[in-house]
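Here's a structure for you.
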Amino acid sequence: METAIFTANNVWMMICTGLVFFMHLGFSFLEIGLTRQKNTINILFKNLFIICAGLLMYYIGGFNLMYPGFGENSTGIIKFAGFGLTIPENGLSITYANGGYTYYTDFLFQGMFAATAATIVSGAVAERIKIGGFMIFTIIYVGLIYPIVGSWKWGGGFLDTLGFYDFAGSTLVHSVGGWAALVAVYLLGPRIGKFDENKNPKPIPGHNLPLAAAGVLILWLGWFGFNGGSVLSAEPGATSLVLVTTSLAAAAGGISCFLFSTLRYKNYDITMFLNGILGGLVGITAGADQMSPNDAVIIGILAGIIIVFGVSLVDRLKLDDPVGAIAVHLICGIWGTLAVGIFGKMAGIAQFIIQMEGIAIIAIFCLSTSYFILYIIKRTSGLRVSEKEEMEGLDQHEHGMNAYPDFRSNEH
Amino acid sequence: METAIFTANNVWMMICTGLVFFMHLGFSFLEIGLTRQKNTINILFKNLFIICAGLLMYYIGGFNLMYPGFGENSTGIIKFAGFGLTIPENGLSITYANGGYTYYTDFLFQGMFAATAATIVSGAVAERIKIGGFMIFTIIYVGLIYPIVGSWKWGGGFLDTLGFYDFAGSTLVHSVGGWAALVAVYLLGPRIGKFDENKNPKPIPGHNLPLAAAGVLILWLGWFGFNGGSVLSAEPGATSLVLVTTSLAAAAGGISCFLFSTLRYKNYDITMFLNGILGGLVGITAGADQMSPNDAVIIGILAGIIIVFGVSLVDRLKLDDPVGAIAVHLICGIWGTLAVGIFGKMAGIAQFIIQMEGIAIIAIFCLSTSYFILYIIKRTSGLRVSEKEEMEGLDQHEHGMNAYPDFRSNEH
Amino acid sequence: METAIFTANNVWMMICTGLVFFMHLGFSFLEIGLTRQKNTINILFKNLFIICAGLLMYYIGGFNLMYPGFGENSTGIIKFAGFGLTIPENGLSITYANGGYTYYTDFLFQGMFAATAATIVSGAVAERIKIGGFMIFTIIYVGLIYPIVGSWKWGGGFLDTLGFYDFAGSTLVHSVGGWAALVAVYLLGPRIGKFDENKNPKPIPGHNLPLAAAGVLILWLGWFGFNGGSVLSAEPGATSLVLVTTSLAAAAGGISCFLFSTLRYKNYDITMFLNGILGGLVGITAGADQMSPNDAVIIGILAGIIIVFGVSLVDRLKLDDPVGAIAVHLICGIWGTLAVGIFGKMAGIAQFIIQMEGIAIIAIFCLSTSYFILYIIKRTSGLRVSEKEEMEGLDQHEHGMNAYPDFRSNEH
């Protein structure tokens, strides 16, 4: 490949890597913004752990588990290419076999991706999970489960051979995180006070909505890298189309979700606007390179409406998901994956069925593995903090700290 | 055009698009930081609406209204190229006729720009405008007024033929927003408590200066894309000169504004430092590609001094502009546009007069159209919230929420 | 050089420039987060001053002092190439002699770097230094001391001839700032209340840990530009290796620091996690291009452990460093510089000795010059605020403002 193009591709992929890394700040802000002050340090700690431990686990084995080199038309299910990064033989500049960028860029981009799957779970289990148990779960899920699922499609495994399509991870990242979030929320139970004696849900407001809004804007920017980098080159037509479909779906998701929820609840609810944007982003992710701009707007509008129903469904199932992760990442992840069979260049009944098969297979695998991991943790070290700790806050008990220790208001 | 250069240009333009998008977080932080806590959700909501609805309006018609394809040496005033994005015929990678990047990149970069015009207004009208009316205004201003003005210069219309120069939008973006801000502030009237019984202005402090400062640093970074992307390619000499002039003007504006205001008011006032940086950025925008680094420093220094007088002038006119948008965007926008005729490669009395003509024509158009739109809204749905709502905060009344619902200080 | 490669290189270097600029927001958030609310405006003000005045000083003379054009195999110690930027003769696009990017990009990238040295000092002296004195110090240190030291290695001076290696500034940036921080902390003395009557250190908690955590994530992202841009081109192999070593060292530093401090203090201390990440980043900086990924992990792990001992050492020396700048930037800066002689491609006893020599020479120069500057300031305008001012907060006294003037908690 020509040097100049290779350099430009690699620059783009490195930028996208930085943007996906930056999403971890977005997730952190969103999570702490939508939860109570007394658990803020705990959430930040978990998010720092996810990005650091996630990257190290992906380095140690995850990358080689996810891209094992299955053969053409493989029905490969599992294979492991070894520990650590193999330093390319003929110097550092070696072209990665499958793309117009280096082996190191490939690892780092994929590593930043991997850590996001655990972050999705983090939001759903916030304010009541034991930090030790969560850390064990993160290590296994990022180091083992996520790469195995990824290898089936992006590593050239059996789902790829089947024809399953997931451009940037509506299923492979968002639903993989979302299924585990569902299991974790079920095993943990709701936070104290989330449901009243009649089992009706009560809102537990977060403590810093400006940070939550900032988190969503940062995530939108990060998605430029998440989807834009999934082109795996800087090919101008494909990358720029992907940024357009991504942004239009986000905008449409935000507007439709806020309009629909305003009609329903007579209230300009900013958390609905925020989750609508995220829903649009997750929804477009599976087919961002296959859709026309008009398709993207429609997918975003529907994602926004799905969010309103999804949040309400989670409540009705008596599940407690403080940040709406199940509606955003799981339900809109499914929606986006199905949308590949409904809209755009791949639309068709055959493709739709394949998309459903892929979703189902991954659902079964993620539900069972995350249930197994979390159940073991629950039965051994325990999954949930004590009632006293939950009431007084995890920051005080697990960290001996306060998020705003010297903060004073100006009322006196 | 050679593929590798085209790819590099397109990568740069996509990055700049991301940076201009990121400015919306900068504007949000600046606005909420400089206003009271009780209106924080409302401001965030408006800013989310601006970026989402602005992008959709620009998609539906704004882009085709702004770049209608006026002929060479046109005296075109208005033309409309149709609804939605035209999918390029020969595949996604097609080169956009006028630049070294794709059609999709062009749309998204310009769309992110368009939304900033409404954001400027948002800051000036904060804490008292009805959200419904503001949303209607945003839709019309971003979807119709901004693209028409833009078409006159950037779309190849009559101001372009006239020789008017505005590199990245001191007038076409900042003053277009600034004139509407002036009209809106006039029609709305000052916030309760802004002027005492003797009509003397009283400061109404904001609630979160760290976020305001963060907003300005984010805006400075965003300006790398705003001005750097206005080169419309990655041409190394032009882009890097633009980043240098932009950053030097920002630095000089900040220093001169804080020094001058400290001399005048005997106080290291951080809001002056912040607005000085922004004034320098707006001031360099019209001629960022025409100036030497020395010119940029002088333009920045003068912008900083203009801010001190501008903020004081707005007060003396009994106008209430909570974030200083009129001084920053309108007055420094005019200053920057005139500076093209005073400094740099285009300096000259003839150019200076043309710059004045452009400013005047756009002023008349923006003042009259924004007055018309806002007056209609005022007479129909109403522009200003009730006194009770203003006193108790827009968050409570329009959104039924609080920005920091669970926030507790540590005094007890 | 071929145009397309040159363009791609220049794009990468401009992005890295933006990322290094963005580090100033990271430093600001970290500093205000770890200090008390009453000094927040003061710290933000200092940080705005550093970036603005630093850039202007570097423009006026620093750049030409740092890159004076020493001859090949020079033993040059000081030389000055003139004031301001020399506008390249043959048009704007001229290639900078030594690299694949423009002269303007070179200036701006290096200018953003220069300002970070003063920022390191800012954190250590927080909450008690007079702003006037700090501004004078910043001007001299960024305009004079930093460029002289830089010229010895990066400007082709005698340390370069000696064979001293410092890829991106573990010593040339971080220790240069760190030595001055050490002197300043010594001359200033500890904050009131930092040590009890028995000289035992007492923690003085900061006021906003979410912002501190955000600062560290922003700094990590900024380091993509700090280290990635230090390749001085977009050469794919070198840049992508550097991003991998940088990120792995950060991740390993964070994990090892938190694990080690948890073992020692039985507490999941988030500030240790944060400083461990920073320690890993500073530690890899000198040899980010010379290390294998495995080396990077080891360097990071050791940096994390060094932080735990370093923070405790600073306490035992009765020094008061509110943000841990000495442990992070000075001690890990030394560690990273020595690591070049221990790990990676340059490892060897001869190199190790040269690294020690370089560290020692720069230590002597920075300690003596910063002592001289700060001592003069102390004897003339004074270095430390009055006891009353320190107790009541610098915001009130130097700025007449409050960082959160309208902030109200929701307890009542």
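For reference, chains read A, B and C in written order, and residue numbers begin at 1 within each chain.
The rule is simple: a residue touches a chain if its C-beta (ideal position, glycine included) is under 8 Å from a C-beta of that chain, and two chains touch if they have at least 3 such contacts.
All figures in this text were calculated on a predicted structure; none of them were measured in a lab.
Trainee: Based on the touch definition given at the start, go ahead and assign the chain network to line, ring, star, complete or other.
Mentor: complete
Trainee: Only C-alpha atoms count here: how many degrees separate chain B from chain C in terms of the superposing rotation, rounded to the nearest 5?
Mentor: Value: 120 degrees, nearest 5.
Trainee: Centroid of chain A to centroid of chain B, CA atoms only: how many Å?
Mentor: Chain centres of chain A and chain B, defined by C-alpha means, are spaced 33 Å apart.
Trainee: Going by the touch rule set out above, which residues of chain B reach two or more other chains?
Mentor: 4-5, 8, 11, 15, 208, 402, 404-409
Trainee: Considering only the defined contacts, which chain C positions touch chain B in the complex?
Mentor: These residues of chain C touch chain B: 3-8, 10-11, 14-15, 17-18, 21-22, 24-25, 28-29, 32, 40-41, 44-45, 47-49, 51-53, 55-56, 59, 84-85, 87, 91-94, 101-105, 107-108, 111, 131, 208, 211, 398-411.
Trainee: In the complex, go through chain B and note every residue touching chain C.
Mentor: 2, 4-5, 8-9, 11-12, 15, 19, 36-37, 205-210, 213-214, 216-218, 220-221, 224, 228, 234-241, 243-244, 247-248, 250-252, 254-255, 258, 267-270, 273-274, 277, 292-294, 297, 402, 404-409, 412
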